[in-house]
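Got a structure for you, written out below as structure tokens; questions coming shortly.
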Amino acid sequence: MKITIGHMFKIKRGNVTLQYPVERWPRPERHIGFSEDSYNVIRSRLTVDMDDCIGCLKCERACPVDCIKIVTEKVEKGKDIPEANHRGITSHGTQKRLLVTRFDIDMTECCYCNLCTYPCPEECIFMVGGPNSSKREIDYEFSEYDRGDMVYRFAKVPPYVLQEYVDTEDDQKEEVT
Amino acid sequence: MGVVIEQELGTVHGDEMILNIGPQHPSTHGVLRLKVHTDGEIVTKITPYIGYLHRCFEKHCENLTYEQATPYTDRCDYIGSMNNNFGYAVAVEQLMETKVPEKVEYMRVIVAEMNRIASHLLALGTFGLDVGAFTPFLYCFRDRERILDLFEMLCGARLLYNYIWIGGVSHDFPVGWVEKTYEFLDYFEPKINEYNDLLTYNKIFIERSADVGVIPVDVAISYGVTGPNLRGSGVRWDLRKDDPYGIYDRFEFDIPIGTGAMGSVGDCWDRYYVRVRELEECIKIIRQALDALPRDGDVHAALPKKIRPKAGHVYSRTESPRGDLGYYIASDGSDTPTRIKMRSPAFTALSCLNEISRGWMISDVIAILGSLDIVLGEIDR
Amino acid sequence: MVDYFLGTFSGITWLAASPNLSFVLAVTLAGLPIFLFMALNALIAVYAERKISAFMQDRLGPMGQGVGLHAGKWGVLQTAADAVKLITKEDIIPATADKKLFIIAPFILFTASFTAFAAFPFNEYLVAADFNIGLFYILAMGSVGVIGIILAGYSSNNKWSLYGAMRSAAQIVSYEIPAGLSVLSVVMLSGSLAFREIVAAQTGTTLAILPNWFILDNPFTFIAFWIFFVAGVAEVNRTPFDLPEAESELVAGWMTEYSGMRWSFFFLAEYANMFIVAGLASLLFLGGWLSPIPGYLEGNLWGIFWFISKVSFLIFVMMWFRWTFPRLRTDQLMRLCWKFFLPASFVTIIGVGFWDLFVR
């Protein structure tokens, strides 16, 4: 009985809950006393830097739940296509050969295992925040009202650009889009 | 006792009531349905119905590569997922006949034991909740939160880690993690005394759990009960000592067994107390491992480029917080397994529920279920 | 208060002409503040319970932050929000339930607690209905509540509710006996069943500085206080005796099928019962409206203050019990009552009798 009454009077020191809307995680001084920067890896929202994506499909193959869908088209090596936001060279210096016309990640299927981030040669797919805070701030509040909004479409290629690069025999790919 | 009516179907007792402790219930540790035949308040027969959480884990694994199956193994016993990953990795490495570096072995032991502490804390807390003590549940969770915070710093996830990979671990310990773990162990050791004061030696708790739900040794062995449930019945069997995998043979620790201190050997109090004592043993192991941890070394050294084991099959078992976790993997030389079967310890623990709860009251059934520490994710896979 | 109102009404000629009407009016006017007090007590007790339980469990409980956000600073409006929600909730009656009994059950329970409140004195002069057998009346009205519980469990047509109701009925009826017997020692010492005289017998001091409360009078009355308090906790169905409404076993026991306003009646009745038990304990053993420092801080308003603070302290102790101990199983509960409390209460009666005869 002494224990519970002792806890009652020491509540200011002992409180372990966060008042959510006002106090949000990550809080620098949370019991263990480390900040988000010392994280090895973080599991939050997946995001893709399309400037760096070379369309190698390694992340699609690594995903255990098949939530990533990528469709690519061949283009000239190293050429910029500004209408499609396609830079010919990644930030690591690789020249791109493929235009990614469809890069969908279904966040409702994603199991947040992080297996897709390891094989990427250009480090363009990553989870925001933590060690990647320099690229993107942390974001774990990404709920939507509509289930369709949870499918993140990263490749934004306008249809008129698509027409130039898609071969006519690959017409069935357009239905997929 | 009521009128006994002889029919072709057998004897039907006139007073018997069939009660359904349904899938939605505050204390069934998951979605479990128990059909309880009672005579007044005394239980005569229990039939568990499982399958509400079946997610076809084993069927999925036939279409996945070996490293893709690791997040799936996490989700079977979601409370002790490091141990699941560990068991799976040990099985595949046995099939591939690779050895992992020393540092990786120590890291695996550290995280597996910390996860064992977290799992036992949850077991203790929910057992207290089932018998009506609301506060120790929250204290156990508060301490579990600290372990989960440490894991978050390590691999980003709090519950389903995907950390122990085949051939190594996914990340090295971050700077300062070892010191934080030492701090946590120093903070946690006196808390065990708090739990003992509040719950273990509480007279009401002892009355509720002593002598209740005794599992005799022969029943336990014939049903295949393992882990703390078996140790509570007095059998000194722990895979970490009797069939060591990894580097467990380098550590010094005791195996606590139930001695019937507050009642008979093998009652609920014994199983509960074995878990409390195991917390102390885990702390010992973690301290020894942290002291002996090699500070430098590449944890990704033995990660295979392509996991393509030779054709064959292997059955390997490890000690998860619930008992003997076994993985049977059959491979045909390609990069996806032909068959993965997981032998879940909680399944056998649940199967002996009928035998041990005959003659007890309904409140005792809840207490017995709590002391068996089942996780439906593991039972249903 | 009823007498007071009747007295004033006799001065009003047109009211004094019809004694029935004046009686009904007097009773209604006296009952209204009691009802309001009961509701207020439930509101505050619920808020206190949530906060106390939270603090004991290292968390904060209902909190409201910032401007215009939900529950007010420190969460004080939380109970008001709960009350509004309960009133506006849909009224669900299970199709297979016995409708008449289902509807009557909360009212019986509530009425029993409410009428017991009527005999509580807050002060030497402030009491709704001044009985000279006040103690007996309150114990009797407390027993009427059992009917409400049994009806609730039976009419829900749900095996779980039936279990809970049966357990609860057995528990309440059994624990009334030690409660009543331990109170007898107080009655012996003060020689009357009326509250005014019982508290009056506790004025003054023993050993010059300690107040002359019955709990300190006698080692036997000390034991009697604890027996009464624990038996009272069992009567209210609170942990460690809360098997009838055990959350982890029977969902909510005999209250399972009730929702909305009906459930809030049960809830109100539970907190009112807590107040009754704590109030009885403080009146009989802790000196009621007398100040702990005899001679100082006495007076009408101080009396109310002391009474309410003693009752609140005892309610706090009940909540402290709830969040510390696991619960007893039904047969252990019964065994505790019949094999332990009952002989102990007999011992206290005999002991107090002997003490009074020989030691005094």
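As written, the chain order gives the labels A, B and C, with residue 1 at the start of each chain.
Rule of thumb we're sticking to: contacts are C-beta pairs under 8 Å (C-beta built on N, C-alpha and C of every residue); 3 or more make two chains touch, one makes a residue touch a chain.
Model, not experiment: these values are computed from the prediction.
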Seminar exercise, completed: Relative to subunit A, largest Cα-centroid distance belongs to chain C
Exercise. In terms of C-beta pairs in contact, which of A-C and A-B ranks higher?
Worked result: A-B
Problem set entry | Inter-centroid spacing, subunit C versus subunit B (mean Cα positions, whole Å) | 45
For this session: Report, in whole Å, the distance between the mean C-alpha point of subunit A and the mean C-alpha point of subunit C.
Result: 58
For this session: Please compute the C-alpha centroid of subunit A, do the same for subunit B, then give the distance between them in whole Å.
Result: 33
Seminar exercise, completed: The positions of subunit A in contact with two or more other chains are 3-4, 16
Problem set entry | Residues of subunit B engaged with two or more neighbouring chains | 135, 142, 198
Seminar exercise, completed: subunit C residues touching 2+ other chains are 56-59, 323-324
Exercise. For subunit A, which residues are in contact with subunit B within the complex?
Worked result: 3-4, 16, 30-34, 38-43, 62-64, 111-115, 118, 127, 130
Seminar exercise, completed: Counting only contacts in the complex, subunit B reaches subunit C at residues 17, 19, 25-27, 41, 128-135, 138-139, 142, 198-199, 202, 204-205, 207-208, 361-364, 366
Problem set entry | Contact footprint of subunit C on subunit A as seen in their complex | 1, 3-5, 7-9, 11, 14-17, 19, 21-22
Exercise. Inside the complex, what are the residues of subunit C that reach subunit A?
Worked result: 52, 55-60, 63, 65-66, 69, 320, 323-324
Problem set entry | Touching residues on subunit C, where the partner in the complex is subunit B | 53, 56-59, 159-160, 163, 239-240, 242-243, 246-249, 251, 322-332
